[in-house]
Amino acid sequence: MCGLFGIYEHSNAVALTETALKLLQHRGQESVGIASSEHGKISHISGMGMVLDVLTSQKTKQIQGNTSIGHVLYSTSGTSTVQHAQPFVFDSKYGQIALAHNGHLTNATVLREELEKNGAVFQSNSDTEIIVHLLAQSSEKNTIDRFLSVFKKLEGAYSLLALTEDSLIVARDPYGFRPLSMGILDGKTMVSSETCTFLPLGGDFVRDVNPGEMIVINEHGIKISTIKKISKPAYCSFESIYFARPDSLLYGNNVYAVRERLGKYLAQKHPIKADVVIGVPDSALPTALGYAQESNIPYSIGFVRSPDIGRTFIEPNSEIRRNIMPIKLRPIQRNVEGKSVVLVDDSLVRGTTMNVVVNLLKEVGAREVHVRISSPPMIASCHYGIDTLIDDDLIASRCSIDEIMDYIMADSLAYLSTQDMLKALDLEKRSLSYCTACFTGEYPKEAQPDLVNLKCHP
Amino acid sequence: MCGLFGIYEHSNAVALTETALKLLQHRGQESVGIASSEHGKISHISGMGMVLDVLTSQKTKQIQGNTSIGHVLYSTSGTSTVQHAQPFVFDSKYGQIALAHNGHLTNATVLREELEKNGAVFQSNSDTEIIVHLLAQSSEKNTIDRFLSVFKKLEGAYSLLALTEDSLIVARDPYGFRPLSMGILDGKTMVSSETCTFLPLGGDFVRDVNPGEMIVINEHGIKISTIKKISKPAYCSFESIYFARPDSLLYGNNVYAVRERLGKYLAQKHPIKADVVIGVPDSALPTALGYAQESNIPYSIGFVRSPDIGRTFIEPNSEIRRNIMPIKLRPIQRNVEGKSVVLVDDSLVRGTTMNVVVNLLKEVGAREVHVRISSPPMIASCHYGIDTLIDDDLIASRCSIDEIMDYIMADSLAYLSTQDMLKALDLEKRSLSYCTACFTGEYPKEAQPDLVNLKCHP
Amino acid sequence: MCGLFGIYEHSNAVALTETALKLLQHRGQESVGIASSEHGKISHISGMGMVLDVLTSQKTKQIQGNTSIGHVLYSTSGTSTVQHAQPFVFDSKYGQIALAHNGHLTNATVLREELEKNGAVFQSNSDTEIIVHLLAQSSEKNTIDRFLSVFKKLEGAYSLLALTEDSLIVARDPYGFRPLSMGILDGKTMVSSETCTFLPLGGDFVRDVNPGEMIVINEHGIKISTIKKISKPAYCSFESIYFARPDSLLYGNNVYAVRERLGKYLAQKHPIKADVVIGVPDSALPTALGYAQESNIPYSIGFVRSPDIGRTFIEPNSEIRRNIMPIKLRPIQRNVEGKSVVLVDDSLVRGTTMNVVVNLLKEVGAREVHVRISSPPMIASCHYGIDTLIDDDLIASRCSIDEIMDYIMADSLAYLSTQDMLKALDLEKRSLSYCTACFTGEYPKEAQPDLVNLKCHP
Amino acid sequence: MCGLFGIYEHSNAVALTETALKLLQHRGQESVGIASSEHGKISHISGMGMVLDVLTSQKTKQIQGNTSIGHVLYSTSGTSTVQHAQPFVFDSKYGQIALAHNGHLTNATVLREELEKNGAVFQSNSDTEIIVHLLAQSSEKNTIDRFLSVFKKLEGAYSLLALTEDSLIVARDPYGFRPLSMGILDGKTMVSSETCTFLPLGGDFVRDVNPGEMIVINEHGIKISTIKKISKPAYCSFESIYFARPDSLLYGNNVYAVRERLGKYLAQKHPIKADVVIGVPDSALPTALGYAQESNIPYSIGFVRSPDIGRTFIEPNSEIRRNIMPIKLRPIQRNVEGKSVVLVDDSLVRGTTMNVVVNLLKEVGAREVHVRISSPPMIASCHYGIDTLIDDDLIASRCSIDEIMDYIMADSLAYLSTQDMLKALDLEKRSLSYCTACFTGEYPKEAQPDLVNLKCHP
């Protein structure tokens, strides 16, 4: 997943970036880093762990500069190390560059082999390092041309921030898989994976970086170029359903409102006679509330969360996730005992967590548990930056809905159809075009996953 | 505040205690410790910080024994050190003893002076150390008599667990200020500050430790003694309103249900025409939901919490609390913009946090913010273990409701009356008797605060 | 062992104490602490480990005051914990007191039992805590009388610094087992376990604290009292032979000169025809040089030390000591190969280290290794503060010199006699009186070891 | 500086490498790392700090393999970071490679520019990364040819170990600036910066790696190639004088014996009437002993070292070095007071340390201090891997001997001439050829320093 933030020429750039990364912490808790440029010199800091722990005031004092970019890394392999912490900072014939990347290239293997053939050396298995080498091996002298020519070679998903000695460079792949938005603060340009950072810093949202757009900001102003035109973008639908913060605007839609509407559609399409509607906290709560409003079944609070650990989905080691589940999340017996419960969640990946959750409810006396999922069955891996595992680990890729229902021990199970989901996601009926590959197995034409490359993600 | 857990003669005692402390983490995040006895020898471990950080598997291996007690400390002074981490483990003529305490003695100064006169030495300013010395200086040879005689000398609040070389001793002060409950697991007795620990461990709630009860558990069985009879207990009302987990049974009442009813009464007594009801997460959400149900104003989700830091109220340093507030808690603009909002919270202490919260809502466009507090104005310090500051820091002790309303910039402000609160707290109409000293300034007769002793709390 | 330093009313007291503790680091590397008083309030800091690691500038800023005492702890049991770190700081009816102690009481068990009978509570198994309780249980109102009456009750070894709210108190037991000296800096009084601290701080040595002397320094001046008169002091001979720094004056004798003379006597009494004299670094080097000078056998450098770990003798865990020995200390082959070597060391405790050292020399080709020890066979435990193990672990308590020679694989082995050692120790022929209990088994009359109390040392 | 160790196909390779690095710890204390290959897969570990701290048993378990290389880094800039820790492990078209390097290339700037022109990306300013890129950009398919062709391009100093998927590669530059020796253990080949590691591991020294030699060890055996023939090697003289351990054989000479002879020559050429000879510990002690033997002035021990910090010269931050100097090293007053002292040291770089040392002696009463340096005045920067600062920081490059004498406050000062030094260094009169550039300013012809490149060292 990962989160990005950048700000150009603000006197308080480092502190603002640090605060922004805390607001993007839900997008990655494995590592964090900031790079900042001053008088053409880039200093940086990074480390494994949460923003709060890594970016101590003592350490952030080591970096300075008015133009900064920051990154939080979400890693799915258990082997993430400090070598993978971004921004990557490197030196080449074109001077120092810092690079922070969210997404996953689908032609990584091909590019990497080619680069290695030309003598490139890799210190990590990150896609980002591929972009680094493409930039260094480019023969384009002009910065804009060089970045543009490199971006043209990339296939797959990338929202990207780069710091050169004099410019802040912003890019989003032609499909716009991963979000990236621009804001303004004290007249200075900000860029952020989600808009939720802009307001708390005292600034405002301006607009999304368009799919296929490259924006170069330097003392000469803001220059916008086009990487490539694609007929239809492929916005990640899973960001809207689960990943993004509910106080963000995503692809111009209010995330909270989208989730509430997903809940309403779910209630319309998959009604059930029940006593109470609850959601899996916190991401599915707006959806559950939407379901309750539409169905007129009372909404209630189903669970308490213990304050010991981070977001469940985000832990790299699945065994840990399983064991602490019943402590992390506890059912509120009084609200479900003897009742027929509608349990709303946003997605069902492996099914293991849902199995635990349904069991928790039954253990405290829920009479029936009807699971309602505000997205379609997930049957295919994401190759654009969300680690949804290989196909075989996705329960819906190998089990029927009835089998899943049995496995999670639910009394009924229903998913929202792709069509309904897409209707909900396009709140304003602006004919937004989404990537639904993980639900349909149909990947965007020019960003076909490179199936050899399964192990290489950012 | 603090949280306690103990278990007698269970082969998995240390691991169970560790897990229970995670479930009690909301009661204290300053320090944590476990003591365990085996063959009459007590080993222990403690440290500053969260359960997850202090009780690493490597460290808990150092302690062993089938009878264990554990403690999480909530400290309000900025100067808490490892010396204050409990359980206290000490050696005296009666052998090794481990002691874990939740509460605040009102005759601490008197007792301490007397003990010092008799030659006692204090290494901390904790009330718990006073009990340690009383036990050591006692001339009662018999364990039960000794503990009983010591408890008879204590005034104020104490829920307490002690480990001697052969017994687990449980006590609750005659007023029962702080909660303490018993459970059972695999036929073994558990004791816990809150009942929320019993179920996740695989056990069951049995009954509350009665006010004024001392229970000694050892190989001869369970022996119950009475410390003192008080005509009416004085259960802490603030535990029900704010502190306890919603999945606990407190004084026999379901906490969630109590909070929901507080919200309903609040709606009945202080109605307002508004567009939406939201609560301050997470403790006030059930109350807000109750308000919404009763008033028929739609309930909504008002805030997103960032996953970087612990519970707000629990941070010792107020400056830190203030600065990170707007990052920790972010309003969901879409749900409040242009609306008249009922903002429900459980209490109003200093008023500084509420001022920030109301401002956050106004900044994102809330038209009106009507603050509804599910407890009466807090006008007096708690001397029984909740750090509600000295009177002067309590905004309601020096300002009128109108002045507070102005200060927090609310469009209206209403509190629940003491009478209504008490009605809501006694869910089952069992004529429960509560301490309302912080709301009325009237302290229970035989537990008058020792006003000199303001700095000495556990 | 342990090291002490104190300074009265110096504006730079904390930093000076920190530096002094670094110069006393050889006396203890287990824990370190400083207490300092300002306006009658004592603040303190302590931790496990070396001065450099524990007393970071960030931490020492937390303590302030012009009168400071510091302590480095040498612990012999593997179970030393932060509870044992000194100075002990405690509160009693006589106010706050900080206490730092070097030595070992021989009536600790008796005193502790008595104190426990009177209700004392022990949080450690340190002798120092006994003194704490004696002070607190004393009925003497006057500070000087109180400390004096407590010291009168102590038997065994104690060099001690105490900080009360207004005074710095210095005491040395009547036998003077452990060293303690006074110095002056900028007109302010300093006290130190060894004189080696005075000069580097910019001050001067004044005189030793006399055996049986108690010195109270406060705004009224310096008041000297006598604890008890003993006919003959019993200065620790092992301090001169091994423990003290060679740049200290010990009991008025220059430590380096003493060691050199020990070497000379050793050469006179135990001559051998050999090619080279080497010493075990660093403590035995002056002795080896003395041997070489007297014997006219060339002195050489026998070993290189690797810069990875601390002093060998001081590591608590003997297994670690053994394994790293051959890396920590490496023979210089060129200086011993094919040669008959005189290997000088100051003492032989277990014999295990010497066995390794002789083997190292033989492995690189030493033809003969003649071990010369500048002290008599060690046959009895020290009960005055040096951890020389229980008698049975002392190789000389159960083996003849020939057997030891065989065990360590030496070609000859000779010890200095007690008589010769004493002659060498009394450099100036001032009829100094030494404790030789560890060599003779004869303990000073009024400080007979309390044999039950083997496990209770500071 | 830096230290290297490697071992081929030994079942205990990782543990042996770890132990060897402890024995090479004097060559670098900034960072440490080990890489190990198993079944063609390289795992590695590295970190900032001492071997003891970084290579905890827990961490070394993460790496496995029978062929290992290790590195300790000595860094002179204050900005060393974990990015600089070696071995460098990277991936290229030729598979995984680990590289550990001691030395400094004189054509680094040229090579780097060229590589960057070809698209190379640099993540550090280390020479080692240049070699990495040359290997990756090489078009030679065969491993031996590839490494050979890369080494042919390097100018300056490199002793180097590389691990490919199947081979251990060893190389030493044609001048042989930095040492590198081969040993044998259990029939397996070891390589080490110094021979001092071989014996303690239980092995034996075999021979030096010859200047200009590249050795490839794999399952096909040992293959030796020649990088380039140079008429005369240029062995670093400073290694013999100061840096190497006295228990090493350096260029076939016994280091201890060399230093002793340097001291003897110094006594012959620069005699002085004095009372005592002392050396600056530990490196100059053999030299001082040689001076004493030749001059018949008694040798004595001049200083005590405190056990708090590492080797003085090796600390990157000069301010720290200065401040702690008087604590780290303390004079033994008794041995110098009132005396005319010959103070022997191996070199004089900045002069600041010597100024402190002479002052220490004078402060404790030395009547005269005659400084004797067992090397010539150092007037030029080393460009082959020893950080002797830029010329201007070398006191002898801008001051006359008299001026230096005044600055260090010595009563006399004498250096050994280059000629005498070279005579002493060539113990066996084998016409060894040394680099004396730092003393003469004459750099070996084909390894002229690249003067632009002052900031880029390993």
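Read from first to last, the chains carry the letters A, B, C and D; within each, the first residue is number 1.
Just so it is clear, a contact is a pair of C-beta atoms (placed from the backbone, for glycine too) under 8 Å apart; a residue touches a chain by one contact, two chains touch by 3 or more.
In this text, all values refer to a predicted model and were calculated from it rather than measured experimentally.
Chain centres here are C-alpha means, and the one lying farthest from chain D is B. If each chain is reduced to the centroid of its CA atoms, chain A and chain B end up 38 Å from each other.
Rounded to a whole number, the gap between the C-alpha centres of chain A and chain D is 49 angstrom.
In this assembly, the C-alpha centroid of chain B lies 62 Å from the C-alpha centroid of chain D. Pairs of chains meeting the touch criterion: A-B, A-D, B-C, C-D. The touching residues of chain A, when paired with chain B in their complex, are 19, 22-23, 25-26, 29, 50-52, 196, 199-200, 245-247, 254, 256-257, 282, 285-286, 289, 293, 298-301, 304-311, 326-327, 330-335, 363-364. Looking at the complex, you find that chain B touches chain C at residues 82, 88-93, 113, 116-123, 125, 132-133, 135-138.
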